[in-house]
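Next, two complexes with chain A in common: one pairs it with chain B, the other with chain C.
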Partner chain A sequence: MSSTTPSQTTAADTLTVRVNGREVVVPRTMPEAVSGKAVPTTMIQACEAAGVTVPHYCYHPKLPVAGNCRMCLVEFGTPALGPDRQPLLNPDGSPVIRQSPRPAIACATPVSPGMEIYTDTDGVHAMRRAVMEFLLINHPLDCPICDQAGECKLQEYALDHGQAASGFDEVKVHKPKTVDLGPRILLDAERCILCSRCIRFTRDIARDDALGIINRGSYNTIAAYPGRQFDNNYTLNTADLCPVGALTSKDFRFRMRVWFLKESKSLCAGCGTGCNLLVGSRENRIHRFTPRQNDAVNSCWMCDEGRLNYRWVGRGDRLKSPLNRRSGATEWGTVLDETADLLRNASRGSVAVIGSARATCEELFLLKKLCQHLGARSDCVPREGEADGLLVSDDRNPNSHGARLTGVCFTEIGINLPYLANDIEAGKIRTLLVLGEDLTKPELELPTDLLGRLENLIVGDILPNPTVDQAHIVLPGCAHLEKRGTFINVNGRVQRFFKAVEPPGQAMPETGWLGGLLERLTGEAPARSAEALFNQLAEATPALKGLTWAALGDQGVTVEV
Partner chain B sequence: MAEEHRLITKQFREAGYTPDLDCYLRHGGYDTLRRALRVTPEQLRNEVGVSGLRGRGGAGFSCGLKWSLVDRRSGKPIYLVCNADESEPGTFKDRQIIHLDPHQLIEGMILACYANDVHLAFIYIRGEFAEGARILNLALTEARAKGFLGKGILGGTYDLDIHVHRGAGAYICGEETGLLESLEGKRPYPRVKPPYYPAVLGLYQCPTIVNNVETLCAVKHVLAMGGTEYAKLGRPNNTGTRLVCLSGHVQQPGYFEIEVGAVTFRDLIFDPAFGGGLREDRTLKAIIPGGASAKVFRADEKVTLGGPGLEGAGPKRKVDVLDLPYDFTTLTAAGSMSGSGGIIVLDDSTDIVAALANLSEFFAHESCGQCTPCREGSLWMAKILRRLGSGQGRAGDADQLLHIADNIPGGRTICAFGEACSWPVQSFVGKFKAEFETKEAGV
Partner chain C sequence: MDQPPPVPGVELELPAALTAEIDEIVGRYPQKRSAAVMVLHALQDHLGYLTPDAMEWTAARLELQPIHIYELVTFYPMFRQRPVGNLHLKVCRTLSCALAGSHQLHAHLCRKLGLDPHGHGPQTTEDGRVTVEFVECLATCGTGPVVLANDVFHEHVTPGTADELLKQAGVSK
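And then the complex of A and B:
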C-alpha cells in the first residue's frame, strides 16, 4: 500500500517499443506492485502507455502477476540481429523485425528495445475468442440473478471478444454455489474463473494467507484453509477484485442491480487515513461503498469496517428537526434566532465550544469564527485506536489536522477538555456548544453530571445520544455523505468529498446553521458553499496557502502539517 | 541385427547385481567421483558440454547448455534437483535405475553437483514410488557413512548433501517449475516463464538445475569416458545412449538401452533383441513414440525428412515410419518427439477412439488447472471422447475435438502440459479421422 512517484527519467532509463505500429517510450523498469522493487516493464504496461487496453482477468496493477487467465495473449516481434549482434536493417533503414512464432502474455512479458507488440491481429483475436470460449463452457451463466451482472468482466469481454454460439454440448462441471468463506464473503465456486486475484490479495496485500485452491484441473475450487475463516478486516476488497460474481459481499448480495446505482465520490470517515470511495446509492438510499483508487492514500482498497459503516445514515431515528426544548420551537428560523439571542446574552468567557475532528474543514472554519466572536475556548474529542499497519490509522478521527489547522483545538486534541470540564463544574462556563460529539462517553472520563450543571447546552448532531437528550437546543446536521466538504488525513492529504444522498427532514449541513448563527451574531453573512469556505480557509491558513477547492481535484493534495 | 548398447544398464542387468553400496563399489562405483574431484568444476562442465548430452526427461534440452545458463553471480546458493517424478504414461525407465542401481544415480548427482558448485540437492520422487524412495534413502545413508556425501567428501573440501522428497501423486509435479513449487511445500502450479527460469529463479528463488534421473546417470558416464568419447556414441546432436520403454502390443515389452539413432522402430518392435514382434495374427496400427503426450504415428504413415531447412539430415525423402531411426532430431522432424522414451505400440485390435479417450482422461485428471485453455480444454476433450466411446457420438465431434486441441498449445499455456494434452488429440483425430467420424453416428 505504498505510493510510488515516478522519478526523473533519462534516455538510458527508457526504451522505445511499437504498439500496433505506434511508437511509445516507456521506462525500462517499473516498481513491482507489492514490493516496489524495480522490475522490467511489461508489455501490458507499454500498451497502457500507448493507450491500448489489453483485455485481462488475472492481471491487476496492484497485485503480483499470476499469468493464468491467458486473456492478455498478444503477438510480437523483436529486431533481428546479424552475426555481429547488430540489428539487421531493411533497405529503407528500418530494423528487420523477427516475428515470434509463439504468442506471449502481455502481463508478464518484459519489453525490450525495438519490440513490436500486436494486439489487433486475427491471431490475437482468435486466442481471445478461444479463452472466452474456455471460460464460458463450464460457467453457470447466472447473469439474471448474479450480483456482478453489469460490472462483470466475463460479460464485458464476451461482448467484445466472444462468440454468439457455443460448441459445448456436455454436462457442465458443478461446484458449490454458496460457500461461506467468512463473516462477510460468500463464494459461488461455479462462477469463479480461478484468476487467483483473491488469493494474491489476501496473501500479499492483506498479509493474511487465508485462501487457496483445492482439487485439480477443471474441478479447481477456491477455499479458505481448513479450519480457517476468511475474516480479516480487508476481505470485502476481494469482492471488488473478483472479475466475476464468484465472491460477493454478504452485505450487498441481492440488494440492488448495480446499474441502478448512482455513484458519488466520497471519503471514508472511519479513521485518519481517509480512504477514497464511491458511494453507490439509489433513490436517496445508500447501498454500498466501494474503494476509489488513490495511490497517495488507499491504493485500490479499504477496510471492511469502513466499508460497512453506512447503514446508520438511513436510520429512522436520525435527528430531523431543530428543537428548542424550552420554547418548543421546531423551525430553523426561530430556533436559530433563539440560539443567537442566548449566545449574544451570554457573558464573555462563559461560553465554550466542543467541536469534532469528524467535522469538515469548512465547518471547523466557521466554528472557529464563532469561537472568536464569542471569545469562547474550544477543543475537540480525540478518538484513538490501534493502527493495523495496512490502512487503518490509530487516529480514528478523519479530520484531526483540519481541527488543528482551523485552531478549534491544539496540537494534542482533547488536551483542553479537562480544563473546560473544571470550568463547567466551577460554574465559570455556563453555555456549551457541542458539535457532533457525545460527551457522556465513558472513555472521555468527564464527570457524569457535568452537562447538568450548564445553563445552556446547544448540540448539533445527527443521531440521538445522551448529550442530545440533555440539550436545551438541538440542531440536526448531516452525515458527510449528505454534504460536501474537505477532510485532511493523517498525512496531510487534503481531500474533497461530495454529496451522495439528501439529509432527512429539516436536517441541514452544519455550515448552514453555523453560518446562520454567525450572520445573526455579526450582521455579516459568511459564505455558505463548501467551495467558497474552503478557499477562504486556505487563504487564511499558512499550511493551505495557494490551495483552492478546484485544485484539490478528485485525488486531493498533500500539504505540510 | 540390431542390438542394445548398454552403458547405464550394463551392470545392474548382470545376474547377481544388488543395489547396495558394496556391490556398486565392487563394480568400480564412485571411481569416477574420486577422479573428478581432482579437476575443477569448470573442466567437468566443459566435458558435459563437449559430450552433447541432451536431457532425458522429455524436452531433450542440451545438458551442457542448461548448466551454462545457471546464474553463478547471484551470490545465492545453487541447487540441483533430480527429477524422479516419472509419471508420463508409457515411461518406466527411471524407476529401474532407482530400484536396481541407486548408487549410480547418486554418483551422477554428486558429480553434477560438484561441477556446478552445488552443496544441497534433492531427489523429487513421485509419491507412488514408495519403495524407490526407501531404496534411495538407504543408499544415501550408505553413501554418507562412507564419506561420499556430507562434509568434506572423500577427505577433500567439497560438501554436499542430498535429500529425497516424495511427491503426493500428481503428474504435473514432473514439470520442473511445478516440481520446484511442490518441493517448496506449495501447490505444484508451474511458474510463469519469464521470469521464473530455474537457472536464475528456481528453488527458493535461487539458481537451480533440474535434471532427469537418466540424464544424471549419463553425466556419470560422460565423465567416466570423457565428453569426446561419449559424443562418438549416437549421431551428431543425438549423442550417447538412452533408455527406451517399450509397451503395448509387442511380444517382449520392457526397457532397453540403445545407442541413440542406431535402431529404428522396425528394430524396436520386431527385432528379437527388442520387442520381438507383434502378437500372433496382428498387424501394426500405430506407434506413440515418446510417452503419452507425443504425437502418434500411423503404422502406414510416410514421413518426409531431410531437404533444405528441414531437420533430419540428408536429401529430402519419404521414409516409412518403421524405418525412422530413434533419435531426438529425426522424430522432431517427423512431427512428433522421442520425449521420455516411452514407446507404446498399438496393433489392429486397438479401438483408436478408446485409446485416445484413455489418454485424454489421464490429462484431464492431471491438468493442474492453473491456466484457462488447459484447465477447461483438457476436460472438455475428455468428455467428448468419453461420449464418443460410449455410443453417444454426435455429428461434428471429431472437428470439435480438433478445434479444442488447436486452441491449447503453441505458447498459450503456462507450461508444456498444454501441448501434452492436445498433441495426442490433434494427431489421433487428425490421422484416424474416419474412426472418429464412424463413432459420431453413435455406435
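And then the complex of A and C:
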C-alpha cells in the first residue's frame, strides 16, 4: 500500500488520517485477508502506509483479525464536531482533535476521516510495557535453548518494550511441553502466548480446522483433538507464523541457530507453482526452507512437502565426477572433448535429446541450440500429480513453460517420447542425450531394454539412477539450489533463483557443460552467466520479448504463455 | 483441499426420547453450533459424563470439528470427562459461604469420606459413591454455607447436617 492516491481512485474512495503528526491518505476499504471482501481500513494498515510499524503478535496481514494480544494498543483522537455536526476549528483553522479517553487496538479499529493516531506517546509505551509484562509472567524465558531465539517477536519486543527484571514473585504456571501436535510440529505450551495465528491459519487458509484452545485461564493451551494428528500438507507454516517458540518444526528443531544461517533467495522446484522461498544454509549445508512472500504466487506460505524437499541435495551418493565409461576419462576437458567427438561423428538424424522440465530456462535454451546444431529431435518428461486447490499444482515439473517456450518439447510434454522410443528400437536413433531424467521409470512405459539398444547414451544428472548406470558418458550437474537460473511457473510467472550452496566435487551447472559442448561443436562459446543467457533467450523468444534478468526482480514477472 | 467431514460414523446409543430432545434443542437456534452447550448438558445428564464418543457425536451432529466441542468441555467445569459418584456434593466457596464456614464444611466432608481436604477439583471416594467439589456461587448468599447435593439445595449446612445428609443418602451410618 502506498501513501499516495492511486490515479484510478477518487477522493470518495480514500480518507486522510495523521499518524504521529504525518498526514497519510489511505483507501476507505481494503480487501479482507481471506475472503477478499472490502472491509474498512484499520489503524494498523494506516500506520503501515505511513511507514510506522506498530508492534503486534496476533495480527497478520494474511489472516483474519483476532485482536487478542493487545500489543498494538495505540492512542488516537478524532475531529470534534459542533452542535451543527460541523468540525470545530482552532483559531489557526485546523480541526480541533478530541483525544479518545481510551486506547484502541490498531489491528481491529477502523480509521475515520481526520483521525489522528499516536504510536509514540508515554501512554502507548506504558501499555506495551504492561502487555509485555503479562505475556512474560508464565513464559519460561528459555531463549538459550529455544529455536525461535533470533527471530522471536517476544524476544524483540521484550528488548524494545519490556523490563529488564520481572516483578513477578509468585510461582509460574507450568503447561505441557514437547506436545506432539502432528508428524511435523511440536508444541511447547509454556512458550505460547495464545495469539491464535496457528488456529486461524489452519482453519481459514489450510482449511483443516484442526486446532483449538482448550482449558481456561492460565492453563489455556493450543491443542488438537485427543487422538487426532495435526497433519495437513501446510502444518509447517504454523511454525513460521508462530511469533514465539511455541510451535517448532521437528525437522529444524535444535539443528541450527537461526542467526548463523545464510539466506538465499530461491524457488521450490517441487511443482509448477514455483513457491518463493529462502534457503537457510550454513557451511555449504542446507538447514531449512522458509517461504518468501510473493502475493502473485504463494502469498506467505508453502506446502510441507516442498519445504522438506532439500535433504537429497547433500546426499553422499551425488554424482561428483564426469565419466566416460569407455575411455575411463574423469576430467571435464577430456570427457567433453570425447562427448563432442561422438556427437560430431554421429550421422544427421541419428541423435535425439530428452530434456527435463525441471531444468532452468537457460539450460533448455542451450539444449535447444544443441538440438538445432545436431538436427536432433527432442522432448521432455511429463510429471503429473494431483492439485490440492491451494498451492500444489497438478504439474509437478517446475518449468514446463520454459521447456515449451524454448522449443525443447511440444505443448503436450512427452507426446514425442513414444516416437523417439520407436526410432531407438528401429535403430534410427543411435545416440541419446538425456538431461536430468530417468527413462527407466515405469510410469513412462518405455520398453525396458530401450537404452541398451543405443550406441551412445550421454546422461547429465545429479543423483545415480538406472539411466545413469547404463550411460556411456555421465555429466554431473547441479541441483537448482547450487546454481542460478529462471523457471516459468504454470501461470507464466518468470522467476529467478540464486545459488545457495556449492555443488559437490566436479559437478557443474548444466549451462557450463552444455556451453562447453556447444563451443567444441560450433567453435563459438555461448554466454556463461545465467543473466546473459536469460537476456539472449528473452530476445529470441516472442513471449519473453523485452524482459531482462534484472527486470525480473525478486518477485518475477508474469508473461502470456 | 476440502474440509474433512466431521467424524464419520460415531455411533452413540441414545434413547429415542433423548434424540428427540436433542433435535428440539438444535432446532431452537439459527445456527447449529449455538446448541453445543445445551446438547452437551443433555448428553451428560444421560451418560453421567462426556465420553470421547459423546464429544465426537456432538461435533458430527452440529457439523463442527471435535476440537471445538473439546474446547467447550475443557473450558466449563460443569462438563465432566470422568464419572462422578451417585451423590455429587457441590460446596459453595464464594465469599458469603466462605465467611459462613464453607471451607471448614468442605474439609469436614473430605476427612469424613477419606478425601484430601486440600485437593483440587472434584474428588470421588474409592467406592465411587460420593464426589465432593468446591464450586463458585450458587446464588443463595444469605443462607450459607450452601451445598448442592445432586440437584437438591441444602442451606445453612453445618458439619452436623452434612453428616445427616450422608446418612440419608445411605453413604455413612
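One rule holds for everything that comes next: the second predicted complex is superposed on the first by the 553 of 561 C-alpha atoms of A that agree within 3 Å, B and C clash if a C-alpha of one lies under 4 Å from a C-alpha of the other, contacts with A are read in each partner's own complex, and residues count from 1 in each chain.
One rule holds in what follows: a contact is a pair of C-beta atoms (placed from the backbone, for glycine too) under 8 Å apart; a residue touches a chain by one contact, two chains touch by 3 or more.
Note that the structure is a prediction, hence the values are computed from the model and not measured.
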Partner chain in contact with A:Gly212 - chain B first, chain C second, else both or neither: both
Chain B versus chain C as contact partner of A:Ala224, first or second or both or neither: second
Partner chain(s) touched by A:Arg70 [first = chain B, second = chain C, both, neither]: first
Chain B versus chain C as contact partner of A:Gly389, first or second or both or neither: second
Partner chain in contact with A:Ala108 - chain B first, chain C second, else both or neither: first
Touching partner for A:Asn232 - first (chain B), second (chain C), both, neither: second
On chain A, positions contacted by chain B and by chain C: 212-213, 215-216
Chain C partner contacts - residues on chain A that touch it in the complex: 206-216, 223-228, 232-233, 388-390
Contact set on chain B toward chain A in their complex: 170, 187, 192, 194-195, 364-373, 375-380, 383-384, 387, 394, 400, 403, 407, 410-414
Parts of chain C lying in touch with chain A, wherever the complex brings them together: 1-4, 52, 65-68, 70-71, 74-75
Complex interface listing, chain A residues touching chain B: 39-40, 65-71, 73, 101-105, 108-110, 127, 130-131, 133-135, 137-138, 167-171, 173, 193-194, 212-213, 215-220
